[in-house]
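Can you keep this structure in mind? I'll have questions shortly.
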Amino acid sequence: MDAATPSNLAAPVAWGRVRRGRHVADQALKIICTVFTMLGALVLGWILMMLLVEGFSALSPAVFTQVTPGPGTQGGGIANAIVGSLILTFLGIVVATPVGVLAGTYLAEYGKGSKLAEVIRFLNDILLSAPSILIGLFVYTLMVQPMGGYSGWAGGVALAIIATPVIVRTTEDMLRIVPGSLREAGAALGAPMSTVIMSISWRAARAGMLTGILLAMARIAGETAPLLFTALNNNFWFKPNLMGGVSNLPVMIYQFALAPYQNWRELAWAGALLITLSILALSIVARMFLKKDGAR
Amino acid sequence: MKILSYAFAAGLAVASMATPAAAAEITGAGATFPFPVYAKWAEAYKKETNNSLNYQSIGSSGGIRQIRAKTVDFGATDAPLKGEELQKDGFVQFPTVMGGVVPVINIQGVETRQLKLTGEVLADIFNGKISKWSDAKIAGLNQGVKLPDATITPVYRSDGSGTTSVFTTYLSQVSESWKSGPGVGASVQWPVGQGGKGNEGVAALVKQVPNSIGYVEYAYAKQNNIPYAQLQNKNGKFVAPDDKTFQAAAANADWKSAPGFGISLTNQAGDEAWPITAPTFILVPKNPEKPEQVAEVLKFFDWVFNKGDQMAVELDYVPLPAALKQQIRDTWKAEIKGKDGQPLLRS
Amino acid sequence: MVALTQDLVMTRTDTVRRSSKPTADRLFRLASLSSALLVLMVLAGIVASMIYGGLPAFQEFGFGFITSTAWDVNRDQYGAWVAIVGTLSSASIALIIGVPISLGIAIFLTQLCPAWLKRPVATTIELLAAVPSIIYGMWGLFVFAPLFAKFVQIPTSQLVEGIPFFGTVLYSRVPSGVGVLTAGIILAIMIIPFIASITRDILDQIPTILRESAYGIGCTTWEVVRHVLMPQAGVSIIGAVMLGLGRALGETMAVTFVIGNANRLSASIFDPGSTIASRIANEFNEALGLQLNALMALGCILFLVTFTVLVIARILIARVQTH
């Protein structure tokens, strides 16, 4: 520890002069930190306000029930984009959750400190920070080209690849927090490893794991770049078998926000408002779960 | 989780209700130039026949690439493919509609249709050779118009675009220095200026930046209320862009002079002709792997030729002349064959 | 462990043990292991496909690809330098602006904030991370850029015109509001929640006794932060910053909207530029042939840079965890 302060105190200097200098620095820090924090809150508020101002006026029941209209056509909505996004996100999570949870379980329970686990952990972090556009390109080469077309499946896979590292990370972190004594108790009762993990570790960590899944869902719900090359978009209802373009909110917003047609721009803002509110709500709910669990 | 699975089921239910098994769905991708009119036609077509045409505007080169990779049923491109390419890829190419590219400006005090420019001056502006609005070459054409002594900011397309192809084709035709400099292409090396993404990006930039000039498809200029300039055509007359001048440009075209109708309509002769007019094209495979899909594509465009003219005009595009439409139909019959060797579209 | 439990097991029916045969247990383990390996394979696949796609470009241009500023689609001449410079400069600006603000927020939350305010403020900052990047792009382009042009770019340009260094770096010929600096600012806003929350966790982990002893001898908050907290947390904070940097390097949608997409190098940070991610997003769907390879090669470079940054971050953070 630094001894910067005691020497000042020891010297017989007038209190006023010493205190003022340090006092000023201290006050400055406090003010700067508070200002910075307010800045952060201000930006969030500004963005939300922008969305509300632009998007709220475009909201109507039709937005939820009608399909994207043509340029300049009155009415219409973004129902196909909303449902498409829900389906793509759902697909992504359904694929990512088993893989992510099992992989995280491996890292926390089986692998622990082993070399392989270290490597996988590291690579998982890389995948977590990988630019999502590169993942989109990968799935394009992997699925879109061989399958002969854009599809919801490719979009779902791309989103799954983005969601998996998040789930792996949170699962591993949450499982690590579970005290070893719980596991030992289970083993002492004669349970094999898999039962210990499933009945004890998972159950103990489930709130945290659920948080991870919800956070992953929030993350992929807003992703645009990977969908540009995999699910693309659809101006009408997409096929139930998800072949061909699948409409989704992010790409729709991307296309309509910059269009010269007033009705398209309004729908883009409505979509932006909906997607942001959903993701924010999801994040808040996820954190509430975590706090409830972490209150132990 | 539960909520999501319900939503999923609900979504599937709704989706399957909305697309009865008999309805066809075709996917196309490509040029941004005709995107508004394709979207409008698709909407009306769906109302009438319940068949969906999903068109995504990812750029002309994107359309070419996707149709080559067979990931879409048809490709759309503003810049026509040459004869050898059509042969190699086994495509049939045909135009669907025409439109104009207009120079849009943002000069304080200058109204729309007021500024007069020649092709060469336009090329020099984008080349950086003319850098101020008060330059003698511009002032000489615009006696009586108050031009500020300000630096010009050219705005161009930052993404690969058929609109750029059309624009640079015109510039190369009217300016030697442009031809040997940046040349023609969907994406060229712009010596000066700023790039905007898509027609909308260019429109937004021009609107925002004072003393700027850009080029956009006519509909974007009109919809965004951006002032545009007059151009001098081949006959020496100054014309403003509108459907009359676009049609005049197409009137004398010899559509058969290039394979796949791939002619250029820039710098056409005619007193009323707008010098930067262009058709936009569709590419379909000659012997498709999915003949039913291509048959649907042809059916769609057949419907468009019959009923789509009014909608195109409303969006400031120019429909094709009737004789040309018939030529195109004949080409379909002659060249696009199904698996059995018979023409796909029997009408 | 399995062998031991099997020894311990008696034929008692009232134990927790279900009749899970060893095979089920082994299957579970296998499933976990394969999932973990799947993550590895996906990453390998991504890298492999990037390299495979980018190889022709590297072969064509050699090492010069990285240093060349050309990007001429017509003449099939490509170089990565403009995109690399744009990526690095926008990320650097993001760090220069974002790190002090993040640290300030973390200090506020851990040292200055009254307890009742902590949850709401922390949630607010974390929500910044939840906003989709396309929304940031829209906010940046439609709301921020015009204001930035009007209140920052134009006055600054008028102010510095003619001055030697600043006259080039801070001068904007075309005050459109979009450019490298705007992109850097938007990126800063996007990485602040990450760095702030990690820093906050790090600061919270410092044993309170250290803080309390410092306060006990009369240190002001600033002195505690400067002489106690920062040295303790120093290296981990750098690790957190590196993670933020990794995020800033790969961000696509927000940057594509506000960076202006120019293929030229410019000395001024007000001028438009392009990053690797924005270049790929703009041109990928339309690229054919060598251009496509060049874009994939750009992706390789981005991956390499991100990888390096993350390795450094890992090393820095790991050093602290050995305490």
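Lettered A, B and C in written order, each chain numbered from 1.
Just so we're on the same page, a contact is a pair of C-beta atoms (placed from the backbone, for glycine too) under 8 Å apart; a residue touches a chain by one contact, two chains touch by 3 or more.
Source: prediction; values computed, not measured.
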item: Contact pairs, highest-scoring chain pair; value: A-C
item: Maximum centroid distance from subunit C, chain identifier (CA atoms); value: B
item: Between subunit B and subunit A, distance of the C-alpha-averaged centres to the nearest whole Å; value: 38
item: Subunit A and subunit C: spacing of chain centres that average the CA atoms, whole Å; value: 14
item: Junction residues of subunit C - those touching two or more other chains; value: 285
item: Junction residues of subunit B - those touching two or more other chains; value: 58, 197, 201, 204
item: Subunit C partner contacts - residues on subunit A that touch it in the complex; value: 1-2, 4-6, 9, 22-23, 25-26, 28-30, 32-37, 39-41, 43-44, 46-47, 50-51, 98-103, 105-107, 109-111, 116-117, 119-120, 122-127, 129-135, 137-138, 141-142, 161, 164-165, 168, 186-195, 197-199, 218, 221-225, 228-229, 250, 253-254, 257, 272, 275-276, 279-280, 282-284, 287
item: Residues of subunit C touching subunit B in the complex; value: 71-75, 141, 145-146, 149, 173-177, 256, 260-263, 272, 282-283, 285-288
item: Partner subunit C, residues of subunit B touching it in the complex; value: 58-62, 64-65, 151, 153, 158-160, 182-189, 194-197, 201, 204-205, 208-209, 212
item: Contact set on subunit B toward subunit A in their complex; value: 4-5, 7-8, 10-12, 14-16, 18-19, 25, 27, 29, 36, 39-40, 42-44, 46, 52, 54-58, 69-72, 197-201, 203-204, 219-220, 223-224, 315
item: Subunit B-facing residues of subunit A, complex; value: 67, 69-73, 79, 83-84, 86-87, 89-90, 93, 144-145, 148-150, 232-240, 244-245, 255, 258-261
